[in-house]
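Below is the structure I would like to discuss, written out as structure tokens.
When the chains are written out, they are named A, B, C and D in that same order, and each has its own residue count from 1.
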Amino acid sequence: MSVKLLYFAWVREKTGLGEETVDLPGDVKTITDLIDWLKARGPEFVSAFEQSDVIRTAIDQTHVPHDAAIANAREIAFFPPVTGG
Amino acid sequence: MSVKLLYFAWVREKTGLGEETVDLPGDVKTITDLIDWLKARGPEFVSAFEQSDVIRTAIDQTHVPHDAAIANAREIAFFPPVTGG
Amino acid sequence: MIRVQQENFDIGAEIERLRDNRTDIGAIVSFTGTVRDTAQGAPITEMTLEHYPGMTEKELERIEAEANERWPLQESLIIHRYGPMKPGENIVLVVTASPHRQAAFEAAEFLMDFLKTNAPFWKKEDGPEGGDWVDARESDDDALKRWETPEKAAE
Amino acid sequence: MIRVQQENFDIGAEIERLRDNRTDIGAIVSFTGTVRDTAQGAPITEMTLEHYPGMTEKELERIEAEANERWPLQESLIIHRYGPMKPGENIVLVVTASPHRQAAFEAAEFLMDFLKTNAPFWKKEDGPEGGDWVDARESDDDALKRWETPEKAAE
């Protein structure tokens, strides 16, 4: 499954990527699975997702918890807690 | 004792007076006494102070309850509950 | 600062004057009360605000001082108009500035709640059927109760 | 209405555009968030807001719709800037209009509380010592709790 991943704020700075499109293996079913899969890709991902509890996620631009199913997501974003306003 | 009396809103319309200066007899010691004294002056005052519980009072431009002592007041105002804002 | 005036005011200009290009403010709240074209379903063609010159200024200053004692405000402003006004016109403006948003919001609400129940203004509404003095609303007295401190409540 | 933009905004002009000479409004509340020149005592020379284009607009629209469902608003507006800003500049503007003041106040506070915890913006503050991402504040999460409805709280 091909999906667009986006990284914001210090998650973007740590991964060194603003966005990328990846092909996910079939056993990556939830956000937690996806984070584990990303961490296996290299030290920059290990660093970005070190405190994975802190990382917030959105699927197709809607906030979701880490146990959310990826299903047919087109766009998945990772970011720190928001600090606008 | 000479004191300036002020009337506002419908109290003013009912008494027919915006302000006046009166000489009060010595036995008029509280706002309640003053209201009774005013009511004895004529039907327009009876009408204005008919529901005297509703009337608010200020002595020298500070809100006071009806049992407040008049003491050395220079200015006493009578008005309905306020409705600004 | 407080102002009691017959003329209209410009909300944006008042906010900009109050913030005065400062860089230490974090939150600015404004409240504007305006004349509505109906009251209890009846049309209003004009509204007139009577007030008690002298006492009005004293009460507004007292209320503003109390807000500044309760919240860490950097600036505060109350402008209240009197005289005749048409529907849609501004009646009152309250502006508060603080490093944090909660203080600015709470202080603005406090100022309005106290003003509504303590500042000596009286509204007379004119419609096709004639003029009528506006009755005080119980909800305004209720709004005041939430600001009672333990000592004040015991009085 | 919501707007996400890099340019500054004029608070007064936005309020006047929103009220649009209407005569049925009774209360207008505005909240403006501004860049402060210090953070935890350290000086700030510039602040940059990163955001998630697309999701930002969706979240702000969702939050605005929720406020309009909870309160009888006649108009509402959220403007949020992104990009680099200097101390003293405007960041965010929320305006609400309603026949009554309590609805206007509550809705404006609600919009700010939800925006602070849900809209995908991230602040980076630059000072003489370098840049740092701003940490989310627990007080913002706490502020959200007071808006929980019985059903939502049970979730």
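Everything below uses one rule, namely that contacts are C-beta pairs under 8 Å (C-beta built on N, C-alpha and C of every residue); 3 or more make two chains touch, one makes a residue touch a chain.
Just so we're clear, the structure is a prediction, and the values are computed from it rather than from any experiment.
Colleague: Please identify each chain that touches subunit A as well as subunit D.
Modeller: Intersection of subunit A and subunit D contact lists gives nothing.
Colleague: Would you identify the chain whose Cα-based centre sits farthest away from the centre of subunit D?
Modeller: So the farthest one, by centre of C-alpha atoms, is B.
Colleague: In whole angstrom, what separates the CA-based centres of subunit A and subunit B?
Modeller: 73
Colleague: Can you check how far apart subunit B and subunit C are, centre to centre, with Cα atoms defining each centre and the answer in Å?
Modeller: Roughly 26 Å separates the two chain centres.
Colleague: Report the inter-chain centroid distance for subunit C and subunit D in whole angstrom, where each centroid is the mean of the CA atoms.
Modeller: One centre to the other, that is 23 Å.
Colleague: Give, as an integer number of Å, the spacing between the C-alpha centres of subunit D and subunit B.
Modeller: Their C-alpha centroids are separated by 49 Å.
Colleague: Listing for subunit B: what residues touch at least two other chains?
Modeller: 85
Colleague: If you look at subunit D, which of its residues touch at least two other chains?
Modeller: Where subunit D meets two or more other chains at a single residue, that happens at 33, 101, 112.
Colleague: Between which chains is there touch?
Modeller: Applying the touch rule to all chain pairs gives A-D, B-C, C-D.
Colleague: For the complex, which residues does subunit D have touching subunit A?
Modeller: Answer in residue numbers: 33, 49-52, 54-55, 58-59, 80, 91-92, 112, 115-124, 133-137.
Colleague: Once bound in the complex, which stretches of subunit B touch subunit C?
Modeller: 6, 8-10, 12, 58, 61-63, 77, 79-85
Colleague: Which residues of subunit D touch subunit C once you look at their complex with the stated criterion?
Modeller: Of all residues in subunit D, those touching subunit C are 10-13, 15-16, 19, 21-38, 86-88, 99, 101-102, 104-105, 108-109, 112, 143.
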